[in-house]
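The next block holds one structure in the form of structure tokens; read it before the comments.
By letter and in written order, the chains are A, B, C and D; residue numbering begins at 1 in each of them.
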Amino acid sequence: MEIEIATIGGYEEVGRQMTAVRAGNDIVIFDMGLNLSKVLIHDNIRTEGMHSLDLIDMGAIPDDRIMSDLEGDVKAIVPTHGHLDHIGAISKLAHRYDAPVVASPFTIELVKGELADEQKFDSGNDLVKMDAGETMSIGDSGKVELEFVNVTHSIIDAINPVLHTPEGAVVYGLDKRMDHTPVIGDPIDMKRFREIGREGEGVLCYIEDCTNANKKGRTQSENVAREHLRDVLYSMEDYDGGIVATTFSSHIARVKSLVEFAKDIGRQPVLLGRSMEQYSGTAERMGFAEFPDDLGMFGHRNSVDRTFERIMNEGKEDYLPVVTGHQGEPRAMLTRMGRGETPYELDDGDKVVFSAGIIPEPTNEGQRYQAEKLLGMQGARIYSDIHVSGHLRQEGHYEMLDALQPKHVIPAHQNMKGFSGYVDLASNQGYKLGRDLHVTCNGNLIQIV
Amino acid sequence: MEIEIATIGGYEEVGRQMTAVRAGNDIVIFDMGLNLSKVLIHDNIRTEGMHSLDLIDMGAIPDDRIMSDLEGDVKAIVPTHGHLDHIGAISKLAHRYDAPVVASPFTIELVKGELADEQKFDSGNDLVKMDAGETMSIGDSGKVELEFVNVTHSIIDAINPVLHTPEGAVVYGLDKRMDHTPVIGDPIDMKRFREIGREGEGVLCYIEDCTNANKKGRTQSENVAREHLRDVLYSMEDYDGGIVATTFSSHIARVKSLVEFAKDIGRQPVLLGRSMEQYSGTAERMGFAEFPDDLGMFGHRNSVDRTFERIMNEGKEDYLPVVTGHQGEPRAMLTRMGRGETPYELDDGDKVVFSAGIIPEPTNEGQRYQAEKLLGMQGARIYSDIHVSGHLRQEGHYEMLDALQPKHVIPAHQNMKGFSGYVDLASNQGYKLGRDLHVTCNGNLIQIV
Amino acid sequence: MEIEIATIGGYEEVGRQMTAVRAGNDIVIFDMGLNLSKVLIHDNIRTEGMHSLDLIDMGAIPDDRIMSDLEGDVKAIVPTHGHLDHIGAISKLAHRYDAPVVASPFTIELVKGELADEQKFDSGNDLVKMDAGETMSIGDSGKVELEFVNVTHSIIDAINPVLHTPEGAVVYGLDKRMDHTPVIGDPIDMKRFREIGREGEGVLCYIEDCTNANKKGRTQSENVAREHLRDVLYSMEDYDGGIVATTFSSHIARVKSLVEFAKDIGRQPVLLGRSMEQYSGTAERMGFAEFPDDLGMFGHRNSVDRTFERIMNEGKEDYLPVVTGHQGEPRAMLTRMGRGETPYELDDGDKVVFSAGIIPEPTNEGQRYQAEKLLGMQGARIYSDIHVSGHLRQEGHYEMLDALQPKHVIPAHQNMKGFSGYVDLASNQGYKLGRDLHVTCNGNLIQIV
Amino acid sequence: MEIEIATIGGYEEVGRQMTAVRAGNDIVIFDMGLNLSKVLIHDNIRTEGMHSLDLIDMGAIPDDRIMSDLEGDVKAIVPTHGHLDHIGAISKLAHRYDAPVVASPFTIELVKGELADEQKFDSGNDLVKMDAGETMSIGDSGKVELEFVNVTHSIIDAINPVLHTPEGAVVYGLDKRMDHTPVIGDPIDMKRFREIGREGEGVLCYIEDCTNANKKGRTQSENVAREHLRDVLYSMEDYDGGIVATTFSSHIARVKSLVEFAKDIGRQPVLLGRSMEQYSGTAERMGFAEFPDDLGMFGHRNSVDRTFERIMNEGKEDYLPVVTGHQGEPRAMLTRMGRGETPYELDDGDKVVFSAGIIPEPTNEGQRYQAEKLLGMQGARIYSDIHVSGHLRQEGHYEMLDALQPKHVIPAHQNMKGFSGYVDLASNQGYKLGRDLHVTCNGNLIQIV
């Protein structure tokens, strides 16, 4: 059976992920993501009403025109998890394919939200939930099967899809960290990866998340971030003024830790901002996270402002608002707090906790610097970088190669510079560029079998 | 009562700490340290037989000649903890003063070791043990008292000495991290610091450890490093080859975690190297740390080599040697392993765990780079920076100022560049250079009252 | 005679310089500057109509309230050169003092411009021109004299004022580079500095420009930047598309080199932007720089746009526009070119030459990054950092100490971190903190005699 | 005619360059270099007596065993210039091929030196001199021709070889900077490159020097370094103590500038060290550089020491020794001066000029740091980084693509991370990975036609 891989998006950047695997006549698409930075560099662009081709020209969504070179039928569109760089283009591209979107339950909920916001296109694709550990037959040959393996990432319910073919398994490895104590959900299923590496024809091809491929060592467990965060918040136990925290709103495990530790130090946590409300609300409704009954979540500007007013009236020392703005985005809530534009007033000595890293780009660094300056001008004390990455570092890559022993590897989720650490590592393990180590770019077809 | 402070050493560098406080006619000296880097830049120098004046000229030990300008008698020499930059000059300078060395029990043991190695001078000074929480009268006035407050650092049994005078307390704040979960020993005694800040005349002067004064946020607890280390070692549980770890040999809490986690993953830990044996052996004998009965500690070259041979014979997969060499020192054990000069042979995939940061200096960075290169050439996988600093960052400084509310502050344990972050912070809190914020250098006298 | 120095502004930042020297009853103020970054961090603030006290509270202009502690009369306000951080607060503060503004001719012209823009205050101060090499008597004692020594900086007609007193000279050393081949104007007058160091009582006090005090080596001459720029522009001689350059509009020597090299490679230079027109026009009218007769300078938006249209019609290959926007300021002309908002259209391969460094602050770095991204999206090729600093590095400081041999030194024009390199250097030369090396902050008085 | 390219060495590192091009049955080898850092990481290895296979295993010289997969006969071995990473393996590998070494005259002289030092192998290869601008027929087909195009690099007499085939030209682009004012020798022959790009079949393949491919902008001309150096040395004209300079001994243009400016400021230059004597002596004998008649060059330790003694006797202020040690090599002359191990004694204020950058690797950075520390301890003032790179940056790459318009490009002289900037640039220009942009590694064959 012919196996071909189309590397459509996310092979020259972090963002707009999209890869298609053809096994005989059956095609499965992994991820359809959005590169948000390509949108934000323009002033005042709203993507909801934009046409796909314009977004492709901007480099914001994958250029899927190469799909016409793949002979076969798309049988499934499989986003691996609910981050925008993996699901953000579904509303713009999925309607072109007569295939269901198959994903884990939490991811499906987030895809639904994306489709609801879309104003230009109507997607009629079925939305099919499949859990980690489950499999699904692909096409009519009876020989191709899709399996979800549980992985750990900075969002819950992330999986790595595996396409089992007669020539071996194609493992799509985006995005993950190798976490044995992930705070929420099950540890990464390394046992299953090792089995896949050894059963049947083994692994034909492994597509790897190279986000951190230039970083040495091992990515820390979410549990380490949790202990770090606990240490920080507990150290503030005696403080009788305001404490504000921010983190990725999609990072349910982190939000849960914040909520828990707020309670531990005698404060009422409250989640503020539209995305905070959406992600955490969804996670709670679906049973992924249990939050205290009295946890407030407020998304609309009016209810947020009312909440701030109530906090100011009842006493800042009793609350811990968790807000948006961890990248210093100029219009985010935390930056507005720095500008004194919200009812919540910062006083000298108040604490601001950034449970997030800076996404490494000078624009973000500049904005975050400004946000911290503004907060500092209000008297706030800054606690930053209480965070661990959601992506494997080099020793994780090493362990994955050891577990899967793939015949071919394809670095993904970076540009060439980002791939370079992975190329060095894979070369040391005996892979060779141009033979079984495929450094590629957006819009290429790789014939594996 | 006149209060005068002599800033003798460690005010232009990290290293060779020494400060004297005169209260009336009674003088107490805090720390007498060695700046090792000033020794190592010369080839083949051994300090044991060297004269004080030569070491002073090299900048290796404090230039205590300014002591003759202080009118009064030295009543005690008080090292705060057992690191060389705080006790390393006692063997060279203490004999000039007719005063006992007063320190915590573990520190006294390490001072004894220093004095035993000394070849040039004979120190007749009494060695007096005093525990954190205890006090001692200084001089005959009945008005001056020395108190030890328990603090947390990267070595056990560290204290901050407080000299109570009729004019208020002089708090000598070197070296510490604000750790509420220090793995070994009690948390930092913030309650006592807050009391001292409020009782009697309050705090007249605070001398602060500025090692990390240019770093934002809060230094993590040893417990976070422990969870990080646990995560790393547990992730290796299934590996059936060699695992080697290195850390600061004086860092008993870290050594203990290494020993514990080695057991947890089914390996026999063994401590190798002269300093490993000394520090851990002393800590165990004194009851600071409980180690497993079968834990081997070997210091002499012959017994180390025999241990390596036994490990190679019985199977690397059953052992976890903890060795010296975390800075890539050219002659340390780990570097020699990289050069293939020990009986322990590294194989492809073997793990080397650096539970230590690189002390930031280009020389160290170059050596560590070389050591990692050599280890990598043997096939080793490197896990580095599993560590937290032993020194306060800015938010710790902020909290100390808040707790002590000192009338005067003196930044120490850095050079001018290192002080700069502290000066900014203290200025923001209302202190003013030249009035109550004293940026000074080695060899100055500051008249406080 | 009592000599006292008030360090009013620019001792905790680069910006809002102001220092007063009292010699007996006569006071001279050196510089009254604006810290622009403290203005820009707020959205939409215009300083022209603001009150001094509000600007002081923002940290934008010097807090001169300490002047009331100086007993004596202000006899002159002496800005050293025309940069905003040295003259930008004159319009807000000078009217409080009954004293003339004394400066070099070009500086006086720029001060006039500042006063003309001011909307809140009316300054009645006389504006007195004095050339480098000239002197003026200060006060009625007959014993105090003001001298201007020619120095070299990134703006023309910069001087270092020297206040000769019976106790020795007070040399105010802001801002300069030690340039023997400055392209426009005379080399730095090191001969005179050496004389001042040796004549009469020598130098009592030297206030040094520490902007680059943490940088090793020697600041390059403007002539090196010129050769670098020549090399870059000549390498484009055969290019037949658009070339655009940007630099500091106040940097007349650089503008002149750009104009000259544009001609050399067969292009018509044209200066665009309000500040470009102002600085270069003034310099030309005053005879500091000779520009070609046909050099266009356009400041108003309309005439700029018309010029761009003419260039597009006649052919980009015949022109070299020199525009504003070297820091990537969001609303500057070059950034707008990147956004496609001007009539000048960039094509693939067009060259953009940044003859300026990035002023080191994350905000600038983020903006510049964005500007370059936008220009790159239009196809532009970027040539950056064709520049040398206008400030001494360490070897310049070393030479100044050697020339002047001052009894006292005061580092200025930086914060504590910036001073640190100078403190190290001066300490190595025998100065001592707290004795003759005065590390100070805004709002201090230093009694020298 | 089949055209095949073997990328043998220098495609995973900077060092051990070797590339073979097969045109039909005729093979030409470009470069045979040594990776010195792979030798130096081992203690006390001398390569002169070592076998090729051991050096291959160490990664020190190219693994040329892939040559057996190329069907055809080697007709020429063509080093592009005389740096060790291009000629350093000739003595170890050339004897395996029955072909002459063809190179520019200066390069041939340096190859002779290499062969003379070799102790293990006897190379019987003819040494053939060919000048830039000349051509030579390759093989008997009458269809393949070798041309040398003059380029500019940090060593004189550098060329880029071009293999003209019926399928188009193969241009081997290592190593060069695009220099129109190279101080010694002719400017880069861009006119000829542009012709080659347009004549006949154009350029089939271009192999590019990617050393600086991650650096923006344009590499400065040697003339800019010269003006920088002039500025530094002229600024020392009045100094009456010792001045010492160091640079790459193979960098004749720089040495010549040093010699010239030494004379200009009234000092007698003298070249000290074995390699200084060799390179400059050879360049002078061959007429590449004219040095003053009285310029001393001394290589042997004894004559160097005698020269230092004479300088100390006659007065340091009259001399300017140019010595080895620009990377802080522990045993180099300058480092020994820092340790006080030479008869030349440094005094406070003496100047040390590093007209060289630090080759970016932590080992070098550590050694250079130590060397500067040691020199500083003797009182020396350090002037560093008076240098420009010998390698193209991105705008040079852009111009080369524009001039040659090659059908295929192969990045070389770096590792994957180093290639990444070039891949981005070439992709922007329309090349595509896997189609006409060949990112490869050591030991690959690329079939172009």
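Simple rule for what comes next: a contact is a pair of C-beta atoms (placed from the backbone, for glycine too) under 8 Å apart; a residue touches a chain by one contact, two chains touch by 3 or more.
Which chain is which protein? Per UniProt: A, B, C, D = Ribonuclease J.
Note that the structure is predicted; figures quoted are calculated from it, not measured.
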item: If a chain touches subunit A (Ribonuclease J) and subunit C (Ribonuclease J) alike, it appears here; value: B, D
item: Between B-D and A-B, the pair with more C-beta contacts; value: A-B
item: Rounded Å distance between subunit A (Ribonuclease J) and subunit D (Ribonuclease J), as computed from the means of their C-alpha atoms; value: 46
item: Centroid distance [mean C-alpha coordinates] between subunit B (Ribonuclease J) and subunit A (Ribonuclease J), Å; value: 41
item: Euclidean distance of C-alpha centroids - subunit B (Ribonuclease J) vs subunit D (Ribonuclease J), Å; value: 47
item: Two or more partner chains touched - positions in subunit C (Ribonuclease J); value: none
item: Contacting residues of subunit C (Ribonuclease J) [partner subunit D (Ribonuclease J), same complex]; value: 178, 180-181, 216-218, 220-221, 223-224, 227-228, 231-232, 234-235, 349, 381-385, 395, 398-399, 402
item: For the subunit B (Ribonuclease J) and subunit D (Ribonuclease J) complex, residues of the former touching the latter; value: 41, 43, 339, 361-370, 373-374, 377
item: Residues on subunit B (Ribonuclease J) engaged by subunit C (Ribonuclease J) in the complex (per definition of touch); value: 12, 214, 415-421, 423-424, 427, 432-434, 439-441, 443-444, 446
